[in-house]
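The following pair of complexes shares a single chain, chain A, combined with chain B in the former and chain C in the latter.
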Partner chain A sequence: MFLQLSISGLAMGALYSLVALGFVMMWNTAAVVNFAQGEFAMLSMFFALSAHVAFGLNIWLAIAIAITATAFLGYLFERGLVRPLRDADPLTVIMMTIGLQIFLSNGAKFVWGTQPEVFPTYIGGETLSFLNVRMSSQALAVIGVVSVLALVLHWLSQRTALGKSLRAVAQDRETAALMGIRIDRVVSAGFAISAALAGIAGVLMAPLVFVAADLGLPLLIKSFIAAVVGGFGSYPGALIGGLLIGVLDNYVGFYISSDYRDVVLFTVLIVILLFRPQGLFPKHR
Partner chain B sequence: MKNISFSVVVATLILVAIFVPMTLSSYQLQIAVMVGIFALLALSLNLLSGYAGMISLGHAGFFLIGSYVSAILATRYGVSFGVSLVGAVAVTALSGLLLAVPAMKLSGHFLAVITIAFGLILHLLAINLEFITNGVSGISGIARPRFGSWVMSSDLSYYFMVLGFVATVALLMAAYVRSGYGRALRALRDDELAAGCMGVNITVAKIHVFVISAGIAGLAGCLYAHYVRYINPESFTIDISIRILIMVVVGGIGSIWGSIIGAFVVYVLPEALRILNDYYYLVFGFVVILLMMVLPGGIVSLIPGSSKTVNNISAGRGYRP
Partner chain C sequence: MKLLQTLKILSLSLCLLVGFTANVKADITLGLVGIMTGPNAQNGEFCRNGASLAIDEINAAGGVKTPDGKTQKLALEVVDDQGKPDVGLNAIRRLVSNDEVVAFMGPDFTGITLPSLFVGEEAGIAQITSSIGAAITAKGDKHILRGRSNDQMWMIAIVDYIANTLKVKKVGISVTNVELGRSGRDVAIQYLKDKYQITPSVEVSHGFGDRDLTASAARILEANPEVVINWGTQIEAALLLRKLRELGWKGVFAFNAADDIFTNLAKQDAVGVIGPQNWVWSMSDERSKKFVADYEAKFGKKPSPHSIVYYDGVKLYAQAIAKAGNDRKKVLATLKAMPEWQGVQGMYKPDAKNGDMITNTVIIRYNDQIQPEVVFATK
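Showing the complex of A and B:
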């Protein structure tokens, strides 16, 4: 049972990690705390669902379209809303993203209705059995995809020109500009990648939950907490913070009390932050 | 000149607040009372975020404590309105310490997440601690205030009581933020380290501001419970916390008038948009985005002379992790 809980917890946690990674990337590149990050994941689910069900496209094609569309949304978000507010007060920017969160979640409600919908399982529906541990293949696939993505992102940030520019912009925007980095392009690319990460999280999560327009905010809150507990601004921190929350959530729900699941979880997080005010894996420059 | 036009606007607002409600329908009057209650909540959060620079995304938690304390005192122990009010304010003010302690160590995002967790925990406790809160079914049958043999049953009289509380709190808060304590808070917001070096006792200042802010939210909670007469945990979700923050920022952070105007606009706008049926929250979200793009200083910055009067030049700057 313990292993089973760990695996499903890791799967859920990996999804929080993905959303949190995108969240942290937006913070690092443009100092934006994006409350609409969960909505990007939610929209991606609906995009995939519509492309597959309404337009009858192949599921993998539908997923690819959904992720691309979400990345494009992230790009539009940067160009249309974030860039004009570059010199604004941080709180103004936060409030703008909160407005966007309200707009997108209610827009989705308007377009797709309020009825939760079932997303078809696209990775073999059967559960696998190994040493008496039963695991759903979707959960295993989530863990696998997120692990690979983490490695790809690491490679991207350490080895490619885009990754190096992103890190330079995060460290010092003005100096990066002086060194000949085209800030606007780099930030746009960063936002597209962040939104794509949320989009991937969305399509990975879709078969595990009922697809509904109000999924965004709870997802964002868990991911925000994951990013902060990990040490805000640090990518490994966001990754581990997400996994920690997913696993802890499952253990508390099973071993302690399902009613008080979130109460215990959040109390643990407060205690962690009281003793490690910088988070578990603070960003060091 | 500028101060004169600001005074004219303020005087008009005060006259409108006193005389217009007498002509309103009962539905509009209900909204007016709720605007007053949310104005108290916005003032309470403004003290914390606008003047002391600490963002709270869990303010509905304090609102919840105030409401439940007065609901339980009124229904289970049958105390009078005055006792229930004092009890609610006192307990909620004390609960402010729950956030003041982490706020001493944390700031920025770390504190924001703590406040989110605080609000969520209280909401969940209200659902699950059934022997105290009666769970999801909530507490009903909370009496309207009674003074001697006169029961305050009409919405108009309740409105004037709420208006009186809003005016009192706004005046006291204006005096507080102008005093040495208020200047200490603003110093804290702009630079905690420098404020400490200049002799501001940071620990005491943070305890003060959290206790006062929570106390005001507790007052709002008590007024709410005795007004709607039935409360359940769903009235105190994170959506409400976010709504209160929107009121503060849309109105104009760091401005007392801004909070009151913000509460009015943010509460009335969705009601006014109800004719749009399914669209109305969509439009509401759009309006919030638009306001932030074109009017980042909040609605109060439209009033000439306001920024001089309320000194909100660097308000909200504390949120710099």
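Showing the complex of A and C:
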């Protein structure tokens, strides 16, 4: 059962990692903690579901549209809400993102209702069995996709002009501007990528859970804890933090009780903040 | 003096006007509070349709003949609670403050009914509810009548079915960690122990809103009970069931809310799931068959277990109004003095002290076409 719990935990944890990566990217590019990140994932699910069910589009096309729409939402978020508050107090920005989270969550309820919906499985549909572990092909695919995405993001960051610009802005905004980097454009791109990561997490997660308007906040909480535990600002930290949270969640639920999962997670968060606030894999400068 | 005289004349005129209006009024109004808008509007639609069908039948037959010799048609005033306690409270207040409303039905959600009971109690107006929360009739309110079996009766029926019909010895309990789940678990554990000397081989709980139920499913799998009794809400139940099947568990899943919402989510996993209900459209008795046929002819779909409560509720009220007239307090008194009344759902006992008029419970099992079949019925 230990292996089952571990691998199942990695699948959910991979999703937390994706959302956490988005957190970190927004923080690194614009020093914004986006409490609506979970809602971007939730909206992506609904976009894909609506495109597939209501408009009859092929599931893969629907997914592509959903991710693109979510990325655009991230861009609009930066242009419309973050940029005007660029010089404002950090607390103001935080309150704005909290307000956005509430707005998007209630907006989704108003548009799509509160009844949960089934999202069709689009990667296989069978249960695979190996090494005494049973998992749906969709869940295994999550681990695979996130692994590939992590490599792609690493390549983007290290080998592309955009990636180098994002790193430059994260390290020193003023110097980056002096070097000719268009800060506003880079930050907008960063937000779009960050939202797209949440969007990808949403469409990967959708067949595993039921699509509902209240999914955003629980996803946000776990991903945020993952980002902090891993090391806020660190991409490897966000990745590993998410995986750790996913696996820990399962261990606590099985060996202790599901009632204590959140208690343990928050205890871990508090302990990390008290004794190692830079996280387990802090960002290297 | 002149002012006083003017006031007297005006008051008299007003009385005459009201009296005149009252004399020409033809309808007796019943109220219905339910979810008419919002995401759960389908629930309210089933309730309203059941009531409307009954009213149409009564009016088509001429109406209700009251003790004063008049034959009057019934009318239904529907108010929307939107599935929210605060909105429901205001809706009920509005309904009850309308003196023309002789009696009312609803709400369906226990969370709306429970905190608003005092309104009907203070007004002395009969209220037939479809809410299943046991606490509703435990408070001692004299005006409340429940039109179907409650959740404790459902749990007892499920346990009886599992022990007597399925004859299992190894039972697991799983609950969504909300009041409904916890109270159901307590009833199940106590009843299993007291009547059948069965201790659950595993007990798990999960939070309301949990979406990853791997840990709960793994614990159940390790204990491998023959039956899992799951008490809680539909999303978590469907996710748990899916995970259990994925992990290879082959036992029977018993669930308190195995309704359309659940089967819509669980899809093929719902095959073989059993669950308690007050009534279901596939009942084989002639009264039920006729009701289902009439409902389907009028509304184009099968009725829900709620529809029958409101259908029978209107017919019961009509009976009481025929004896008592359209005075709400007299209608309530008449109901409370009625020892028996045969409805489609079964035999009601409106004079039941706590207000639980009917205890009929069925156990349904979803067949390969995910249609409910009745496999057990309490007497």
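Just so it is clear, the second predicted complex is superposed on the first by the 282 of 285 C-alpha atoms of A that agree within 3 Å, B and C clash if a C-alpha of one lies under 4 Å from a C-alpha of the other, contacts with A are read in each partner's own complex, and residues count from 1 in each chain.
Assume a contact is a pair of C-beta atoms (placed from the backbone, for glycine too) under 8 Å apart; a residue touches a chain by one contact, two chains touch by 3 or more.
Because the structure is predicted, anything quoted here is derived from the model rather than measured.
Trainee: With the two complexes overlaid on their shared chain, look at chain A and say whether chain B and chain C clash or fit.
Mentor: fit
Trainee: Is A:Leu269 touching the first partner chain B, the second partner chain C, both, or neither of them?
Mentor: Touch partner of A:Leu269: chain B, not chain C.
Trainee: Could you tell me if A:Ala212 is touching chain B, chain C, both of them or neither one (first, second, both, neither)?
Mentor: The second partner, chain C, only.
Trainee: Looking at the overlay, what does A:Val111 touch: chain B (first), chain C (second), both, or neither?
Mentor: So A:Val111 meets neither chain B nor chain C here.
Trainee: Scan A:Ile225 for contacts with chain B and chain C and give back first, second, both or neither.
Mentor: first
Trainee: Once the structures are superposed on A, label A:Ser136 by its partner contacts, choosing first (chain B), second (chain C), both or neither.
Mentor: Once the two structures are laid over each other on A, A:Ser136 reaches chain C alone.
Trainee: Going by the touch definition up top, name the partner, chain B or chain C, that contacts more of chain A.
Mentor: After superposition, B is the partner touching more of chain A.
Trainee: Contacts for A:Leu3 in the overlay, against chain B (first) and chain C (second): which applies, first, second, both or neither?
Mentor: In the superposition, A:Leu3 contacts neither chain B nor chain C.
Trainee: Return first, second, both or neither, reflecting whether A:Asp259 touches chain B, chain C, both chains, or no partner chain.
Mentor: After superposition on chain A, A:Asp259 lies in contact with both partners, chain B and chain C.
Trainee: Chain B and chain C, closest CA-CA distance after overlay, in Å?
Mentor: 5
Trainee: For chain A, which residues lie in the overlap of the chain B contacts and the chain C contacts?
Mentor: 109, 259, 262
Trainee: For the complex, give me every residue of chain B touching chain A.
Mentor: Counting only chain B, the residues touching chain A are 49, 55, 102, 105-106, 108-110, 112-114, 116-118, 120-121, 124-125, 128, 238, 242, 245-246, 249-250, 253, 278-279, 281-282, 284-289, 291-293, 296, 316-317, 319-321.
Trainee: Flag every residue of chain C that touches chain A in the complex, lowest number first.
Mentor: 38-40, 177, 204-207, 209-216, 218-219, 221-222, 234-235, 238-239, 246-248, 261, 264-265, 267
Trainee: Considering the complex alone, what residue numbers of chain A touch chain B?
Mentor: Touching chain B: residues 33, 81, 84-85, 88-96, 98-104, 106-107, 109-110, 217, 221, 224-225, 227-229, 232, 259-260, 262-263, 266-267, 269-270, 273-274, 277, 279 of chain A.
Trainee: Show which residues of chain A lie in contact with chain C when the two form their complex.
Mentor: Going by the criterion above, the answer is residues 1, 4-5, 8-9, 12, 109, 113-116, 118, 127, 134-136, 208-210, 212, 214-215, 218, 249-254, 257-259, 261-262.
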